[in-house]
Every structure is written in C-alpha cells, then in structure tokens.
C-alpha cells in the first residue's frame, strides 16, 4: 500500500491490521459487536488526522459504518474521515464503486496516447468480471473499444464483433457468474478459460487473481498493452518476457490505484464535512492518475527500465525524499 | 430543519435553542453580554465538528459575530465554523444574502424543464417582497421571466407588461414597503392584496407568511407551478386541491432550502479557513438544489404521490437509512 | 504582514519571531537542532488553527520541514498546516516557487485593462533578477510583452528588440549573476545599472531592494505603470512625485502579495490533507489578486487618493471592521 | 444537596438527573444497557473534575460500576472519580457502608459534650432500622449508650435494660424486618410503633421516613436531643414546638451528611488513584462533621436562632460568599 | 523564587509576570476586568500541571479569585490549583495567613536546638510588625519567648519584661501603626527606631524591609541568632561581619519560605479537590522547614561556609541535579 | 505483575514491553537516544492515568529520568506520574531503595505474630546479599533478630552469635562480594554456599535467584518460616514438601511486593505533585502489606490450602471481581 499510495502521490501510508475470525460463521449481531470492539481497541491510536483504515476482504460498507459510529463515541462527534469504504449515506464518496476501473481507464487512455493507439474500435480482453473487470469492460466500451473477450470463474467468452458488456453485467447479476453466457448472447466459449489472455487484442486487462501471466503462457500473449487491474497478475519471470517482447505494461500498483485514491478522497471529504459531486471525484481522480502515469513513464524512459521498475523508482523515491526532508534518515 | 437538510442531502441536523427575552428592549451592550453568556453556557456542547447553530428570528450577523468571538475564548483560537450567519468580514459566506431565492430559482428552472415551460417571457407573480421575495423576483427577471405581480404589506401591484423589479427594490429600500409603488411605476394596485395569488401566471411564488393558499382561495389559483419560497404557505387542505388541480408544487422545504444550504457552506468554509468566490458558492448551490429536485420528483413519480409527499419520502428515508447504517435502529 | 494579508483579504495576521544566530556559521546538524528546539519552544502556542509561521530570510524549505516534523511530535500526528514554505514532497504547495511573480502579473494584467494598455508588445523593464524579478520577466514575456531591460547586481542590460528571458535565466543559473550577459546575448549593458529604471517603457517592475526610486531619479522615470514587486522600492518622497506625474503605481503590498497568498493556500491544503493541482492554485490566486486590485482601485478613486493610500484604506478598514464585529473595540 | 454539601463545607454542588423507568421490571441486561446508554448521553458533560453523580434510589453499586466503566470508553482510561457509590473492588471508598450513621454519631458526640450529657449509659431510641438506623444503634451502643427502643415496619420494641443491637441486626438479616423480635429477645413490643418516638430517652434518632414528628405527637417527645438521621423527619410546625420545648435538634442536613461526605472522599480517592484505610476515612469524616457541628452551633447562638436555621445560615452564607468571590453576583 | 523553592525542596519554579498599572487609581470593576483579561491572555500557557502563579504586591485574594474564575472558563471546570492566594472559601489553604511566620518559627526552633538555646524566656526583638513580623512575635511568644522589642513605621518599643504582643496586634488593627503604643502599654519608645535591631537579645527577627542590617549598624548587633523574615534585610557587607562575629543567621530565602510552601500546599490541595485541616497544613509545613534547615546547616558545616552560602549550595545543587537528570545539561 | 499487584490490592496491572539491545555495549548518549525514542514511540499510549511503566533489568534511574523528560515534551508539562523508578530529585519516592526488604519485613513481623515467634533473638539466614537481601538482613537485625547466615556469589558465612550486618554491607560496598568476609569479621565460611539454606534458623530468607529450594535440598530445610524475598526461589515440587513439613512460607509475590507498592506510591505522589516523607511512605507500605498478609492467611485457612495457593485465590479473585463488576465477563 505504501508504494501504491506513493506512486499516485497521495498522502496516505501503508499498514494493515485485522481480526482472526470467519465472518461467514457469525451473525449480524456478532459482526456488529466485533466491529465495534475492534474500533474500541484501536480507536485511540488512529483518527482522521493520523491513520485511516480502509476496507479489505470480508469487510463491507455496513462494517465500516459500525466502526465509524463506534469511533464517534470516543471522539464525541461524528468523524467520518476516520475510515473509508462507508456507505454514501453516512459519508462515503461518490464514485467509489467503480473507482479502480476508472483509475485504470485513465492510465489506459494515456498509454494509448503514448503508443499512438486509437481507443475507438481498439480490441480489449478482460480477465475477471468482478467489480474491477466488469467496470473496466463497461468503461472501455464507453470509450469506443470493442470488448472481444471476457472471463470469470464461469468461463471465458469471445466475440470478434464485440461482447455486449451491459448484457454481461446483467447476466452475472442474475446468475452469479458468466457460465452459460454464450447461450443468451452472440459469443463463443473459450476453453480453457485462460485463453482469454491469449486473444489477439490491442489491450489486455487482467482483472482477476494473482499469477495469471506466467512463464508458461507469456509467450502466447499478443496484446500490445497489458493493463494490470488485478494485484500481481504477472509473475516476475513472465514480466521479464513481456518487457523483452516490447509489450507495454501498466503495472498493477499504478493501474489499480484508483480505489485507494478515492478512499483518500473519502477521507478528505469526510474531514471537510463537504462532499464532491461524482463529476468532481472523477475529474480529480483523472488528474492524479494522469500525473502518476506520466511520472512513471518519464522515469522509466529516463533510466531505461520497464514501467514496473519505473513505478518503483518513483514510489520509493518519493517516500525516501519525504523521510529525508523530515529528518528521519 | 431535519427534513429540510435531509431533502437537500446536507450533513446537518435539526434542533433548536433560544433565550426568552425581548431584544427590542435591550441595549447593544446588554445584547452583547447576553450573546456571550449564551455561548459560554452552550459552548462546551457544540462546535464546528458537532453542532452548528444558525441564525433565526431576532438574531443578526452582529450577534452571531459576538458568539463566534466568545466561542474562540473557549477553544483558544478563532473557529468560525462553529456558527453561521456571520458577517462576511469575519467568516461569513458569499452569496448568503440571496441564498434562499437562488435556491428557489434552481428548483424553478428544473421544474420548468420538467414541465416544458420556457422561462423566457414566462409570467410570474410573487407574494411577499422581503429578502426571499424581492430576490426571487429579481433573479427570475434575470432568467427572462416577466414579473407581472408583486405584493407586500403595503399592497399588491400588477402589470401585464412586467414590473420593473429593480425599481421596486429601490422603492422599498426608500419607502419601507411597496405602498404607493403604482404612483412611480407603470402598474396598477390589486385589492385586496391577496389577489396577487390568483393572477393567471405560469409561476406563482408565495414568499410571505404561512397559510396564504387556503381552502378559500385555492380554487382561484391559476398558476401552472407554485414555488413555495415561504415556510408553509399552503394549508394541508389547499395542498390537496392543488394536487387535484394538477398544479405543480415545489414544496417549501425543498424550494427554500437554499438558505440552510449556504449556512452549511459557511460552516465548511470556516472549517477549511478557505472561502469560495461567490460564483463557486452559487455553482455548488445549484448542484445541490438540482440533485434534490430530481430526487424528489422521481420519488413522487415512483410512488405516485405529490411532490410534497415525495420530498418527505426522500428526507425521512435518508435519515432512516443513516440511522440504520450507524446501528441506532 | 497584517496589511498585506488584509489587502488581499486572506484570513491570516501579522507577527514575527526569530532566533539570533548566523546560520552561515552553523552545520546542518546544528541548524536542525536549532530548528527543532525553536519549534519545541513555540509549538504549544501556535498551530494550524491558531498561528502559522511562514519562511523569511535565512530559512529554507528544509528548515521548515524540520519544524513541521518536530511539531508532529507535539501533536502526535503530521500537521503540515502548521507552517508554510515546506518542500512540495511533504506538503508544500504547487506554484509557490513563482507565486510572487504570478501575483504581480495578475495585478499588471488588471492595471493594463484599466489603463487601456495592450500587453502584446508592451515594453517592460525589470530591476532585480532573483526569484521575483526573473519570474516576473518570464511571465510577462509569456503574456506577449517585450522585456527591454533587466538588471541585477551583475549589471543592467537593455535591448530594444527584447531580451531572451529564458536565456537570461539559464545564464544566471550558471554564472550566479547577469554580469557578462551581453557577451552571449544580443543586448547592451547600461551603466550605471540604475538606468534600467529610467528606460522608456510601458511597465517598470522594481523587483530588487528597498529605496530604488528616490527623489533623485524619480523625475527620470518614464514608465506608464510601476508594478512594485520588491518591498518598499519607492521612497515616500518619490512616491509623491509618481502620483503627481500620473504614473500608475501598483503598490508593493498589493503587487507582491502573491507569495503570502500561496503560503495561505499551503496552510489550507495541509489542513485538508488535500493538495490542489498547479492550475487550481494559479486560478485561485488570480481570483484573489484581481478582486484585491479592483477593491484598491475603486477605493482610491472613491476617495481620490493614490493607489498606495487606497490600499491602506482597504486593508486598515478590513481589520477595523473585523475587530469591531468581534467586539474588541 | 447544595445546602447539605455547604453545611459540611465540601466542594460539591447540587443537581439531579434520572431516567424514567421501573428497574424492577427490567432484566440485568436491560439495566446494564440503560446504565451505559445514560452515561454515553451525559458523559461529555460530567467528569471527575466537573460534576460527579452519586447513587440515589433504585441505583446500586453494580449500576455505578457499569457507568464508571462506560465513562472509561469516553475518556480512554479508567476514571473512577467520575461517579461515587461504586463497589470497593473497583474504586469505592472504605467506610461508605455506614457513613451516614458514623457522621451522625460524630454530631451526637459533640452535641452531648455541648449539653453536658455523658454517652455512657445514655438512653437512645431509634426509629427505623435500615442502613442508617441499625448502624446508628450499633455505633451508639459502641459508645456506651443503652438502646432502649428500636422500630421498623415490622414494629417497635422497647427494653429498659437495653436492646441487644447485634442480635437485632442479625434478626433483620434473617427475617427481613423486626416483626417478632420480642419472641427471641428480652423486650416488649410497643403499639402503635410510633410510640418509639415518645420514649423517655436522652437521645431520639429518627432514621426512617419524612414527617414522623408532627404537630400531633411533638408534645409527647421527651428526648433531650433529637438527631435527625432521616431526611425531613420533623414537620415545620413540629420543629417550632421542639425549639420552644428547648429540645436540642441536630438538623437532618447536618446530621446525615456523612453519606455525601464519604461520597466526596470516594471521588477524591479515585482521582488520586490512592485509597485511604478505613481508619483514615473515619478520622477525616470526624474532622469534617465536628467542624460543621460547631460552625452551626456557634451561628445559631450568635443569631439566637435554632440549629436548623443556624445550619441554613452557614450553608447559604458559604455558597453566597463563594459566588461573590468568583464574581457571579 | 527558584532558589527559595529549591532550598525547601518543593517542586515549583521561578518566573514572574505582571501588568503595568496603578491599582489604587482603578475601580473594582476595572480591577476585575483587568484581572480577567490578564488570565485570558496567559491562561493557555499556564495551568495546575504547568505553571502556577502566586500573589505578589498589589494583588489580593479577590484578584486571585477572579483569575481562578476566569481560568475556569477556559478549562470548562473549576480548577483552583491554577493559582494560589485564593480566599479559603473558594479553595485557598488553611494556614496561609501566617505561613511565613510559622515557617520562620520552625527554623528558629531548630536553630535554637542546634545552639543549645532554650526558647522558654529567650529574648526576642522583631523589626517590622506587618503580617510576617506581628505573627512571628505572636508565635514566638506562644513558644515561651519574651518579646522585648518591636517596631514598625510608627516607631520602636522596648520592654525588658516583655511586650504584650496580643495587645500590640490589637493596637495596630485599630490605629494603623504602633505609634503611641507606649501610651497604652508598659513599654518605652526607642529612638531612632532602628535601635530595635541593636537590642541585646537572643533572637533578632528582621521582618521589615531590605537592607536594614548594614555596615553601619552590624557592629552593634548583639543577638545570638538573626532570623531573616524579611527579604534581603542584611547587606552583603554586613553579612560578612555577622559571620565573623559568629552570629547564627537563618538566611532569608530559608527563613521566610513558609509562605511559598503553603502556596504550594494550596496548589496540591486544589488539584486533589481535597483540603487539609489547619493542623495538617502546619504539620506538613513543619516537616518541610525542618528538613530544609538541617540540609542547609549540614551543608554549611560540610563546606565550612556560612548558612547563606550553605543554602545556596543546597538550592543550586538541587536545580542542577534535576536539570542533569532530565538531560538538559 | 498482575497477581502481585492484586494480592496487595493496589490499582495497577500487568504488561511488559522492552527493547532488544545490549546496554553494556552502548554509550550514555546512545542510551539516552534509545530511551527517548522508546518514549516517543509509546508515549501516546501510556500516561499517568492510563499505564505506568516501572523499571526492570538493565534500566536505572537515569533511564527513567530521560523517559519522564521525553514524555513531558508530548504532554507539554512535567508529568512524573507517567513512570516510576525515577531519582528522588525529579519525583522519585522516598523509601524506594529498600522497599522490597521493608515490605518483606512487614510480612515477616505478621507471620511471627501468627506463629507466636518472638523476633527478639530469633535466628535468621539470608541467601543473597544484593538490594533485597542485604536490606532484609539489616532490617531484621534492627528488629532484634540474630542474623546467623548470609551469602552471595562470593560465598556463604555463618556465625552462631550473629553476623555484623552493617560491616558486611560496608565490606560488599568496598569489595564487590562477600568473598573473604570471614577474614575481617568473626564468622566462618560455609561450603558449598547453598548450605546457608539449611541452617537451623527460625527464619530463612531466600533473596537471590530462582529455583534455590529444590527437591534435592528441601528435606534439609530446618527453618520455621521461609520468607521468599526472591522471585520463585522454591520449585513447585519443593513447595509441596515445605507444605507437608509444616514450614510457614510467605510466598514470593506477597513477600516481595513492597517494591511495586512503592512504585505505585511514586505514581500517586507524582500525580499529586506532592511527596510524602519517608515515614509516611513506610507507614502506608506497612498498612498495605499487613492487610495483604492477613487476607492471604485467612483465605489459606478458609480453604485449607497453603499460603501460596491462598495468595492466588486472593489475587485472582480480586481481578475476577473487578472484571465482573465492570461488565467485561
């Protein structure tokens, strides 16, 4: 998280904490007591001006809401800036739902400019159709791209003429996964599903799990650009090959930093007690993502390294500079 | 106030407090001591991050200034966000003077769009010519409307070709009321003054007292749209008739919420120690009023109720949702 | 500082503090200890919501960084709004580098409008080529002006066809001063250097030391407008003559208030934990400078005084009004 | 409470708050939630250094414990000084159990000295055998008195040779009331029970309810001294007669102030995080009660009024003096 | 003050502040506003746990009361420990009235033990009959001494058989000074009044102004012991002679430290919200004064210096040790 | 620590923290930086009203002083109650030096009363001659005991007529250990040194290391009473035998609780800013130790268990009761 925040230059840090439990075995009342108890325990050590937790696996907006409420007992007033991922109704941010995908889109747009790639009718394959993947597909389609391949645990589907993304989203909402999507839409199933990565597309968006592009399949990747919406979709060995092949990679901690950026916006808005319209959130997100993209690209070119290394140079350099200025090193 | 804030979706609540006294019998020095004493008494229980008083009858900007100053003794620094209605020179907001009228204009504009009514040359009658009424008349005239009727305690005046609003404002500034305005301007007096409500106009703006549109005169209302700038200008019984007659009503706690919205902006600006230009205040007000208008209209249509009921559904629903999320119910 | 802040209407005050020492005789470690010790001593009495120090002679961004860091030990969290002039990497503001020159440019633009002077090809002479002077020359050149004279301790240089400002900036970066600039660029040296003030230009920008325009040389000033980027470049006696000659003066504490204004922005941004893009900083600076310029001009015209007196009337009047409203006088 | 605290000169004030409910209809879990909720509601406005609640009817040590625990969530540390009446195990005071009776004993001892009455073999009647009455009987017996009459709702019992107080206490612990005590101990029942007030004793201790000594029975009172352990046992009319008869009265808010005094000690000890041995509590209680007794007596003699009036003069005078010194009046 | 506190080993420091004004020219209302304004100005920088002002010339208990009350507005609760010298009714300490004299008595008692001087019938002369002098005379008389000489601005009086101190105190209360005391009491006037210093007594107590024992009269001093109740009664040159003559001197900042010690007790008691009986105050004062006396004497003997030097060695040594331990030097 | 505090009923808890380093390899400057850095890190989470660290191995009073000083930077005032083990000069407690031994003496005195053992001429053996052991020997000698055996790493020494404890202490101060003590004093060396445990004495005081009384030597123990000054001197198996043999054991966490008790006094005194004379410290220590001794003994007798088990019953019971009352279980 420290490097992700640093690469997009937002004043948040890293750090993680959690509770060992299985929320699936707990009642709502137990979850509420646990959430409130956790905040009672950490509430003196965090705060809107100190450290600000964000959601992670097995938390949801309701859990963040309970924690925000419990924190208010400690402070004596409602301090929504203490935690992010809250429902909009009690201080969440507009635009948080598809923030990761929106952030990715901004980096893809800049990369396309850099590569001289027109997005109109550019072909796109998306692996993973959860929040990040489905929104990325939808947003790229809005930008005029043709989404020729999508996949999730229910299977991978391909259509040269472009998949109807809205229909796919609706289908998943009803059926849970994409399985059987070819029965209702004009497309064909790819087997094994991993073949979605190997489609001959302009833009490949891995938005599923870690370790999908590996030494085994990297030689079959035909995309001109890989926009890593997922965390760690490319293994280090495969990454080296991508670089050698000259494929333009937008590394994960740059590409998917839109989520944490809007979390940061949520903190800022909560602290101001003032909330931005969705358009302002998106515009500010765009400003940050674009600036980060070019900082990374210029650094990579300056040091003649790939984008991932360039992004680390930017991120580590910023943290180091701040530490040095504050006199810590 | 709770519902008014909720319908425009600003994070303030309700609650009232006051002092039993007659400020007209008090010297300035007594008023100052009273204002400071009141703040000493409540100052530990309110604050820029807790509860923020706003002005009401018999307070004025100077009184709010004394209270803000006294609060600073408790906090040890100047905290203008603790109270609203302050003079601009010490942290008041630009655009607070005609905020109610500006807010009303935004809802009228959206309502006109909805009704397919062009504001250019649309006819308007305004009852009441105080802060809300005179500014509403002025602003609607700026939007191209023809103000064919105005009134205040000095009488009602009518002109088919449109009243010169600037002249009327100047006249009232000099003479206290509109009485005799027909002697200096091309218009005729209406008697009784209540006839201003019954003019055959596109837009009727009651901006005076409560209970003006009643069972007695509601059947004579000819306006296509009633924009309630006043608080409670329509009796419940008359409201039912307006609905039956198909007259489009912008209910008071939506229509006149511009005032509290800019109070809220004043708190936000004071907390940031940063003040927006008048244009930014107006633009942000517009964003909020428009969004609120459409939320109310869509809700009214969804549940097939009139706008007033729709506004309550929106407001109560928002408070209920927030309470539920925070675990209070 | 009180009047400078008041004339641009920003909510900061005056007040100075310092340490008697010679930083040139101190090691970095000594400077760090001194800076931290100073903050330990004053840190309980200042703060982001109370009083906010800004840099002055012999401080630099690193010193401000140490102080901000030390303050964080007292508060228990990083509070960048406590101090301004910090490096951007730890909470400084975009646009602070050339803020004084940018602020001056905004007042020059408005003055030009007022005088009916087209900036395109207008001739400009700039005395002083440090931060304020060189940036002012660069920015005015960007606006289309012809910079016909510049000077610093290394000498004054003149070119009727316009000096290449970018080249001059580069030259000073390499050589320390302008001395010898005529050997690399198409221009001639003026001796004595003070003659740069007497060039026949539309706009004269004194951006060096105090007391440059005096009773001795004021009669030779031919500029139509004098924009005082420096502090106190004109003696009171010379000022009187400028007024008599009808030369339009933008008085120093208005003309060079861009620096403190962006310092103020730095505090606001630090308190929000949100940082504006450079464009937003510049736009907000423009809004403030323009509004201040016209307030001064209108006041000068209303009371039939020169701009300097007009600026004092505005500034003192604002402070007096605020004090009266808060019940202090 | 204000006068009671003032007459014994302890720095606490008056003020009451409560919850409308019937604790007898509530489960322990409901009582805990109610107690914690009450503290969440008032916890920002009270505190060990501000206002300190003490127990009253229908509260018990467990309830005070819950409240103290809940307050610790607000403060972030255990602050036992916020509330009194806590169990000793979590910060209650030694000697609180029989504090009222101990306080009364100290005043009786001083009164006896004043009257030249030897406590050894002095006869005592006690009305009421709850906490105050039974402990008063026990303590006076320890001082050598002969307890010739006791009573409670179960009846009144009389023995010229002295009742075995320890046995009576044990009997009530087992049987709930004194009813039938004459069957196990050498004494006779008095009917009606009120006759206990009319026994020919040196010291009468009303320790039951209000309004026991009335116009009807005051003429039958034969005691030399009446020590009012109960609140308001004497009606105003009867009080006048007692004065006329020359009976020495220790008025209730002096006589029974031992309870609030040890509550005060509990606050002091909790704030110090240091707890006094029972002997120190008793000694400090004695010091306070003795000093209060003589202040009242001397005032009564100085102004030639009865003790009750003297006590009011002392108490009101102290509050008035403090208010005057602080500049409130 | 730093050395005085250090020599008696109480955890207070030095430091002074004041207001330039003439309280004799001010009304009570002006004094109150001044006192409150002063506290508003310094109230953020002092406090019961930081720095605690004590009274000095031209302050009185009422002034300290106003300041304590004003401080309570800042803190939000009554914090009597912030200031000392308050009236007992609002948190002053018992025993503060004659604390200086009581402290002096304790040192005289120890010195007498050291010198083998019996206080019973020891002869004493006291210069000055204000608070310190008259109380010292009274207390030494209580210890069995014969007060053979007293003086104030009204004159000096001598009686070999001992002056009736109670009568003298009463006389001054009625007449302002001792002038004429020989007309009502069996004693003779000494002229000039300074002769009181030269009486042949066991103990001489200068309790008036600075610089009374000088090079001129030191050779006439016949006392065995000089107990300096006043500040600086002995000039450095005279001090040297006293040492040479072998007269035992209790130096001022030890001898008169009883006042600041009870000020310190007042702070401690206010912070505890618990007040000690007069006996406990006196006992604790005695403990401190005795311990200080012997520390000084042992140090003087150890280093073979006079008591004054010994006292400085003790005081400076304690401050130095604390600074070293805290890492300041 | 939790059980030790609970058995003596002082309101402190357990919990440990530390730094992994070897202070013997560090300079004073490094130790100071480490100590201050540690406090900067934990200083927000502890405090005089929250958690209060005490010294442990490899800390010393200077280290505690640095930490107290650093804490004062965070709080803004000197708060000595935050940490214990400080030098007396900056807020340490009188009587801390031999607190463990004094506490042990109080328990031995009560145990002797219980056993009918006269301390006058009772024989005592002490294993260990560090702080606890040497002071215990000295104090028991003061009580009239005959110290017939002492030991440390330098050897064990025995004298039927009693060892000169003062001389032994002086010897160790000069020579580091007792080795060779028999050459200067009338006593004989015991070999192996462990034989000191097996002397035929009334009272055996193990004051050295853990695990000294084991299954191997327990059968040789002849003492009537074992007072465990060390932590864990008896193995569980040996403990069982001691119980079987009817030897009266004062278990370690009761016997040596004097140290933590005076640490607690140090916190209390620092918070009050008032320091008790050594006599008051000792008297309050005595009160606490005696009360704890009898609570343990009565519990052991009530449940017919040995003293160690009785002490656990007391300690665990107190913690459990407090947790239950506060609603945690």
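Residue numbering begins at 1 within each chain, and the chains themselves are lettered A, B, C, D, E and F in the order written.
By definition in this document, a residue touches a chain if its C-beta (ideal position, glycine included) is under 8 Å from a C-beta of that chain, and two chains touch if they have at least 3 such contacts.
Not measured: the values here are computed from a predicted model.
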| item | value |
| --- | --- |
| If a chain touches chain A and chain D alike, it appears here | B, F |
| Common touching chains of chain F and chain D | A, E |
| Interface sides of chain D and chain E: same vs different residues, half threshold | different |
| Identity of the chain that, by mean CA position, is farthest from chain E | A |
| Pair with more cross-chain C-beta pairs in contact, given A-F and B-E | B-E |
| Most distant chain from chain B by Cα centroid | F |
| Approximate Å spacing (C-alpha centroids) for the pair chain A, chain E | 75 |
| Where chain A and chain B are represented by their mean Cα positions, the distance between them in whole Å | 43 |
| Chain C and chain F, separation of their C-alpha mean positions in angstrom | 69 |
| For chain C, residues that touch 2 or more chains besides their own | 44, 76, 272 |
| Those chain pairs that satisfy the touch definition | A-B, A-C, A-D, A-F, B-C, B-D, B-E, C-E, C-F, D-E, D-F, E-F |
| Residues on chain C engaged by chain A in the complex (per definition of touch) | 32, 36, 61-62, 65-66, 68-69, 76-77, 79, 86-87, 89-91, 272-275, 277 |
| Of chain D, residues touching chain B in the complex | 44-45 |
| Interface residues, chain D side, partner chain A - complex | 40, 44, 73-74, 76 |
| Chain A partner contacts - residues on chain B that touch it in the complex | 11, 47, 49-50, 267-268, 271-272, 287, 291, 318, 321-322, 325-328 |
